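This is the structure, below, for whatever I ask next.
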Amino acid sequence: MLQKKLSQALDPEMHDGPGLSRTNNWIVALICLSILLGVFETEPNLTHGLEPLYAAAHLFFFAAFLIEYLARLYAASLNPRYGSPWRYALTFASLVDLIVLLAFIFPFLGLEATLFRMFRAARLVRLARLGRYSLAMQMISQAIVQRRYELGVSIVAAFGLMLLSSTALYLAERDFQPENFGSIPRAMWWSVATLTTVGYGDIVPVTPLGRIFAAFTAITGIGFIALPTGILAGAFSEALQNIRK
Amino acid sequence: MLQKKLSQALDPEMHDGPGLSRTNNWIVALICLSILLGVFETEPNLTHGLEPLYAAAHLFFFAAFLIEYLARLYAASLNPRYGSPWRYALTFASLVDLIVLLAFIFPFLGLEATLFRMFRAARLVRLARLGRYSLAMQMISQAIVQRRYELGVSIVAAFGLMLLSSTALYLAERDFQPENFGSIPRAMWWSVATLTTVGYGDIVPVTPLGRIFAAFTAITGIGFIALPTGILAGAFSEALQNIRK
Amino acid sequence: MLQKKLSQALDPEMHDGPGLSRTNNWIVALICLSILLGVFETEPNLTHGLEPLYAAAHLFFFAAFLIEYLARLYAASLNPRYGSPWRYALTFASLVDLIVLLAFIFPFLGLEATLFRMFRAARLVRLARLGRYSLAMQMISQAIVQRRYELGVSIVAAFGLMLLSSTALYLAERDFQPENFGSIPRAMWWSVATLTTVGYGDIVPVTPLGRIFAAFTAITGIGFIALPTGILAGAFSEALQNIRK
Amino acid sequence: MLQKKLSQALDPEMHDGPGLSRTNNWIVALICLSILLGVFETEPNLTHGLEPLYAAAHLFFFAAFLIEYLARLYAASLNPRYGSPWRYALTFASLVDLIVLLAFIFPFLGLEATLFRMFRAARLVRLARLGRYSLAMQMISQAIVQRRYELGVSIVAAFGLMLLSSTALYLAERDFQPENFGSIPRAMWWSVATLTTVGYGDIVPVTPLGRIFAAFTAITGIGFIALPTGILAGAFSEALQNIRK
């Protein structure tokens, strides 16, 4: 009876009504809060003097996610897709949950800073868990999968354009700015910033020839934006229409 | 009789012809001018020696908006939606009008500079009043409301992307630029500038790994632009077609 | 007989075949060359030692455009729209031609530099003359006229957004960067650069609050691009389809 | 018999199944690797101490592409379009193959650095070879050819806009920044960066008038992006639909 209630509360496939169950909504909110905690605790100005508060929050989130993990394992055997807790425990979603839990414990054991970094990055995988809950990432991934070939074409074209402009700028500027344009890989940093129209301006061509090449790069960069924008815009409007039907 | 004339002149719902009444057009023009006044008076180069002129303009706008406010209250009882001036006075639009009027008076009483700031910000709410007059904001808000779910999805996806790239850059650059990338919230400033392709260039990655992450961020930023562009473009073209019918 | 030949060669409405007559194609090419001349002669590196060449080119273009002007006047009386040379001479297109001719003569008379500037700017009006020849500007202006209301709405919305973000940044940054954010008009320079995603980076917020406002500005700037992009994209695709029919 | 097998393996027109033959897929992969080699070998940090490895890779790619070139010549006579190896050898694709081969040999003979540069640039033409293999560039070129006129119109309009804004900034800023805005060609570097919304920020207007002109340029730059984006988006969605049928 408890198992059935848990299954309906936690397993989206077992939920009767539309959208997420109330329990899952709360879990999504908890995950978002734990991500915010992970973001804020990296900023000394926001943690100074509040260390006990952060420790308590860590403990709270760990307890909450541990209970959720065990409850999901317990409830999984009612879902015909898994049958037993062990098959569910080996799904990608469940393994992500486990890694997130481990990331809570291990920092307390005094591991190396480099390990901390990796585990902290793993904590962000929590974001991937959100994908299970909403239609958002389903729709996005559906749109991307449906047009994967067209997007692949535009990525190849963009990469070719990037290589061409990097080489052109390398040839034009390497004698004047060896530090910034002394090799094609170095010129690529400039090339990416220009083709995506980000344009940091930390590295810019200074020779007339380099500027002419750069102008052509910037103008063709419009096409580099127009191509995937057109493809994605079409794909998303299609995907949105399919969902509405 | 005067009340009916005022109602037809001031209340868009009581106006017979298409568009705005001549009176309301003049009021819109006055509001725009008062906003320009508020903008210009913050620039010393534009106010130096012209203080009496600005004071006179303030007085003029205050008088005009006070008369308009009282006239609207008087005319409101003819509109079945309000019935009495008091019910109209408590609508959001009317309260905004009142705040704007108060913002005119209180600076003269010698309040603190911080209060001035807040009132000055309130003065900009006049912009919101313009929304009552034209189809512009109606259409925009209609398009946004209609696609609120799709836009929400893209905002969540963009926020996730921002978190991911901030964390990646924080991990790659924190030891080399602790001031700029020493925490995830600090790295977010760079991340927003890159994902929106603004690219100020005040903060840029300097390590090869950071630049590779940044290149991926800039390229995925194209999708970050393409997604809401596609959704909004579709929503606005739909909204424009609905209005035309 | 000569008048008729000139009319068919110069007046697009009197031309039999599709597109422009051979004579008008040559004149378009001449106009483009004269614009390039005007552009290049401002750069000392490109004029040094070539002054006689530039003077000769000036003389050549002046003679060519004078002959063209007189021939157009002579041929105009055959076009029922004008009837007489004098009515044609007072059309906007013909007056532009005359101003361009005058801009050639007056620099030789030793006028002031400031006048030179104005005349040089007038020389660029030649570009407007190109509009008579091709479908290009017709289509563009048709698309813009057809959606003038929608574009007006988006311009008003964008201007309001710019005012709001300028005021927000002015309030957040004025005490820290009085030179750059000391007044709303000054903050507008930053605001335009951010909302259009140009992002020069010469002026950037430095306070946490200012950066939060700036992040919102940059993100809403995506909508500022998406709105006119969607409207214009639709307008141009419509205009292109109408032309093809 | 060998000739027929080679023809089916190498000549896309003689290949039976859909897509590329397994042999051609391998060749595409080899070409991509050789491009990466050419890119990496320009960066001293990536070549230091690995010179023998790079030399061996050069030799390997040269041998592979030489064998491929000869095999293609041998197999070409079975294709009715060429008939004989000599006719195939004079096609554009085959000449590009030959230039790429020559670019491998000549650096070893001790030519001048400037020649190296040209040959290195020629090596990038390998990218053009990829166009033979995939639908990608076919579709892109088809979309561009189909809307060549519309794109031409937008390029002309963009160029006119660039000239106008360059001249305006030149007039406004030349006395204050003679190095950056002292001539129209110099102002064009700024103009391209602004109209494409790249916005490096290495050169920015400093006078109020220049900033007002720049603001108008940046805002019209949105249209400069919207126009080709709309045209290309429509062209690609059409091209994609045609391919799918």
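Some points to look at:
For clarity, chains are labelled A, B, C and D in written order, and residue numbers in each chain start from 1.
Methods note: contacts are C-beta pairs under 8 Å (C-beta built on N, C-alpha and C of every residue); 3 or more make two chains touch, one makes a residue touch a chain.
Computed from a predicted structure; not experimentally measured.
The pair A-D is the one among A-D, B-D or A-C whose contacts match those of C-D for more than half of the residue pairs. Contact count check for A-B and B-D (C-beta pairs in contact): higher for A-B.
Note on chain placement: the centre of chain A and the centre of chain B lie 31 Å apart, centres being C-alpha means.
Here the CA centre of chain B is 43 Å from the CA centre of chain D.
Across the assembly, chain A contributes 193, 197-201, 225, 229, 233-234 as residues in contact with two or more other chains. Here chain D touches chain B in the complex through residues 197-201, going by the rule given at the top.
Taken in their complex, chain C has these residues touching chain B: 150, 152-153, 156-157, 160, 163-164, 166-168, 170-171, 182-186, 193-194, 197-201, 204, 211, 214-215, 218-219, 221-223, 225-227, 229-231, 233-234. Residues 35, 38-40, 42-44, 46, 117, 120-121, 124, 127, 130, 134-137, 139-140, 158, 188-189, 192-193, 196-202, 224-225, 228-229, 232-234, 236-237, 240 of chain B are the ones that touch chain C when the two sit in their complex.
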